[in-house]
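So the structure is just underneath, and the comments pick up after that.
Letters are used for the chains, namely A, B, C and D, taken in the order the chains are written, and counting of residues starts over at 1 for each.
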Amino acid sequence: MSELEILDLSVSFATGGGDLQALNKVTFKVPEHRIVGIVGESGCGKSTLIDAILGLLADNGRIDGGEILFEGRDLTKLGAKELREIRGPRISTVFQDPMGALNPVFRVGRQMTNIQYRSGLSKREKARRAAEMLRRVRMPDPEAALSRYPHEFSGGMKQRIAIAMAMMMEPALLIADEPTTALDATLEAATIDLLLELQNQIGCSMLYVSHHMGVIAELCDEVVVMYAGEVVERGTTRQVFLKPRHPYTQRLIECDPARLAGRAEKLPTIPGDIPDLRARPSGCVFAARCSLREEVCGEPPPENVREGHMARCHRAAEN
Amino acid sequence: MSAILEVRDLEVAFRVGPLVRRRSLLAVAGVSFDVRPGETFALVGESGSGKTTLARAVNRLQRVSAGSVNFEGRRIDTMSRGRIRPMRQRMAMMFQDPVGSLSPRMRVGDAVTEPFRIHKVEASLKEETERLLSLVGLPADFANRYPHQLSGGQARRVGVARAIALRPKLIIADEPTAGLDVSVQGEVLNLLNDLRSRLGLAMIIITHNLSVVSHVADRMAVMYLGRFVETGPTEEIFRAPKHPYTAALLSANPEPDPDKKSARISLPAEVPSLLARPAGCEFHTRCPWARDRCAKAAPRSEGRNRLVACHFPLAPNASPPEKETVQ
Amino acid sequence: MLNYAVKRLGLSVVIVSVAMLLLFSMIYLIPGDPAAVALGPRATEAMREALRIKMGLDKPVWIQFWNFFASAWQGDLGREVLSDRPVAQVVLEQLPYTLALIASGIIWSVAIGIPLGCWAAVRRSSFADRLVGVLSVAVIAVPSFVIAIYALLIFAVTLRWLPAIGAGEPGDPGSQIVHLILPSLAVGLGWVGYIARMVRASMLESLEASHIRTARAFGLPDRQITYQYALKIAILPTVTLLGVGIGQMLSSAVFAEIVFARPGVGKLVYDAILTRNYPLVTGAVLVTTVLFVLINLLADLIVGALDPRVRSGF
Amino acid sequence: MFAADSDAVGAFRRIFAEPLGGLGIVLVVAMIAGAVFADLLAGADPFRISPRDRFLDPSLDHLLGTDHLGRDLFSRVLHGGRIALSVALFSTAASLAIGIVLGLIAGFGPRWLDNILILLFDAIKSFPTVMLALALVTLFGPSLTAVIVVVVLVNVPGYARIIRTQTLALKSAEFVAAAESMGAGTARVLRVHILPNVIGPLLILASMDIPVVIAIEAGMSFLGLGVRPPTPSWGAILNDGFTAIRDTPWIAVAGGLPIILTTLGFTFLGETLRDVFDPRLRGRG
């Protein structure tokens, strides 16, 4: 059974230069108690996808079609009030920027009790839960931390507070949007350990968004590779990283400098830029940068699925 | 061959805090290294390690409080402002933000030829623009663009073109791949490698990303709280790191391979403040291998080609001791 | 907070001192003899000499400044020329009228401006938002004395709805309030625009902040996000603006008092200029300057109380 | 500054595309034309006193009627525009020049000089505008120079602070460090790398201050502290109207209307300029 299922989701933004199609028929599932990674470079639509799931698209954005099924309900059809009841208690989010994620003029304790407003607990009980959660993310002196303001914490500590807030809701699904990108590498490891530990204790599913393939490979059960607003490849982590079927995924893994142990004369790259999303190519979105391009790539590529491993490529059958 | 740059016991101090309680902190706390012609030297460290301050001090953008910097055999840290300016033709610097290090209202063509105007070098600026842009693989019509019309990778190329404009002997590149997508990072590193071999440049590359280092640097130094904790040939350090911090940094950079579930060395606690440096070995508060002695005595950097500031250098493939789990 | 308040107070004292120095330099730099100017052309040389000694003008400049400075800090602003009463006393008698005028101007411009700004921010880009935008700009642009005269012309002279001159019967609050309406309109109308614009702009900015996204991602009610999380940050620049704005309101009050023939510091100074009562002019300028500095201090303290970052970053 | 020449036409179009921008341009152009061609348009001599024609109602001969000395009001209003415009242009230019220099010194110079300048700006700013004007006029006597000195004193601290803040922000920007690392001296850094990036917003803000300057001139003349009679000024006309407001209200209307239309025109134009060129400034004071 899936916690979250996204079907043919398309999202576009009205801009001065015409409609920008940010997501095009995005489909994937997040099974219960699993961690699904979304990987892609800038402009691939990761952030738009999260906003769409949370119902927080900007004013000029709209969902053109598709479904976001969560606990049997289609989130795209829900009103603002029903979405609010899901956001927070059922789906919690940890955002990329720990510096800006907390309101600068309220104490940490107040922000952590405010989000429990639906719990019906007493004020003291809410504060106790907040302190308990801070203890679980290994915040030194959690009670004192509650009465401090966000700017008094370092970036790593702020991210722990953000994680504590998200986990305190005991959600069914945790969305982690590049939670370690703004942190130093040696803090990253501890933060990921913390997320994993809490995810195990609470038993939630996790959607982990990152551009860092090493982290995704290490952490996730399944992987969704996005390019220019489309899912180009999807499968288990082993399938995608060991036997990538889409040329983009193949090149992306090759490019990761962590992969090459020794010193290479020439590092692999992917020449070219992502296409203009206001005028999506009618065929394969990656064709313009693909070294295996042939005539058929001008046609929309089919979803080629083998053993649950999907690649959206005309030549995927060969791999 | 003699070194093009010699840095000895360099210190940079900042004064912080309000007037009444002004305190001094050492952002760079005594480092020494050489860079030889044609060589790439990497400075690796995380935020607050002092690597950028060190680079700025070498370039004299930052006042040096102690120690010396010799460039091409001449001591430059005590040189007057007027004397230092001609030196900057031969020592170029590239900054972190590819777009932000270009003057926002200056076209690309003017930006890459700015060094010629500053140093009043006689040249056909139009020809030089074309030559430089083609050297870094940009079409000539980019000369008319403004920085905000460039992608990160393109802006980085413009920065490289500007840096090599006057054929410097040494380039200092601060985080040359920061903010770039993985597929573009390679382009920039290839370009730097290529230029180095073609123009015979020496380079200092400053980065927090170890995987960048392994592909471009001959030698490297790992910085923590303003000091070098480990220095040596890149290959050797990658093969067998001896300082626990180096080992932790290396392990924090997992390969995209699900079967190699890497043994990450998870460092506890926060980075100490430069105003309250830990006693003894400054890394002991976060070191998984720390023993009693580490909190008491500061280790000395030992070795000739390979320097390690640790009481108990690691054996190859060491894994951290099991912690007693307190629940 | 105490630390911040003490530092901020210290800064205010320094600013007032520098302002005094400037004022003194201006007086000292006047071409000609202040005693001669004060006494007018008909005075005899002996009278001038007597006044010079009385004003301390025979002493070296730094002693003159020190005398001016020291007595001013003790509240002694000299004596006015006509009735020989202490300047401080004369100014303080008139101050309540001016304060009442400014206070009423602020109260209703805040009461209308803040909700209007929020309302426009929430309905961004709608017709209502654009209308609020144009009207705010329009009322800011038109100078207050023109508003005063047109208000006088329309409501007092033509329609005869409201009284044209004076501050109302002493001891009759009803009459005093009626007499405040037109002057406070002249003083406050522009500020409705300023405040509405500032609140709108800072609301839009704070609604885009990433912590607002976090708050929404935790399902907090929109009302709480807008009026608690965003407004508390958006109000900060408005408080600072109001502190600065009271200086401009003091200026507008001068015109309003003259046009509506109200008592007040502005009218006092204006009359003093016409009668060459210079000690009164400099004294009143100094009092309003101190008042303005105090109000800015208050505004900064409020901002400090609301924003922990300001307190620690000072 | 405002990007390249080729963009100028486009920018002008964008200003006109905004309804307020169009209205602003029309009002401002009308005001400037009225001032420049005052002699041609008005016909009557603004100084000619004619006791027989006192307080005439508006008519074809006297479009706005006459004042208490029988002078043609329409002509005086047009000539008043000259005073308003020249004061605005001259004192804004002077404030800009002084403000930029002081701001660059404060922002790029040594810390102690910055502290002194900031203190000085704050002290000047702490005088309420009209009070400062009153004090100055008391000391120097009413004149056009006094008006200009007041405007410069009022504007310079604000302009200098803007330049200072932006310079301080840019001082640590990477492109400035890059210029220094290439060997550029202070003068070149300021001229080539800092000034072009800080002057745009200031020019826009200064253009939005023009109506404020016009208001200060009119206000001081209204109080009899600015332009000396018989020179025509909108403030002085308004004061004449105020004196006679119960019997001949049109004089007050005639004196106030050009002030309203001009300040609105410049404000609408300035706002549109800002929105078109630098939307980030929106909502600043």
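Just so it is clear, contacts are C-beta pairs under 8 Å (C-beta built on N, C-alpha and C of every residue); 3 or more make two chains touch, one makes a residue touch a chain.
Predicted model only: the values in this text are computed from it and were never measured.
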Distance from the mean Cα position of subunit B to that of subunit A, given in whole angstrom: 31
Distance between the centres, which are taken as Cα means, of subunit D and subunit A, whole angstrom: 53
Subunit C and subunit D: spacing of chain centres that average the CA atoms, whole Å: 21
Touching two or more other chains - residue numbers and ranges from subunit B: none
Chain contact topology (line, ring, star, complete or other): ring
Chain-to-chain touches, reported pairwise for every pair that qualifies: A-B, A-C, B-D, C-D
Subunit A-touching residues of subunit B, taken from the complex the two chains share: 46-47, 151, 181-187, 189-190, 193, 208-212, 214-216, 234-235, 238, 245, 248-249, 251-259, 261-262, 264-268, 270-271, 286
Parts of subunit D lying in touch with subunit C, wherever the complex brings them together: 20, 119-120, 122-132, 134-140, 211, 215, 218-219, 222-223, 225, 238, 241-242, 245-246, 249, 252-253, 256, 259-260, 263-264, 266-268, 271, 282-283, 285
Touch list for subunit A against partner subunit C, complex: 54, 56, 59, 80, 83-89, 92-93, 95, 97, 100-106, 114-115, 117-118, 149, 151-152, 162, 165, 169
Interfacial residue positions of subunit B with respect to subunit D in the complex: 56, 59, 61, 84-89, 92-97, 100-106, 114-115, 118-119, 159, 162
Subunit A contact footprint on subunit C (complex, rising order): 124, 209-222, 224, 229, 232-233, 306-309, 312
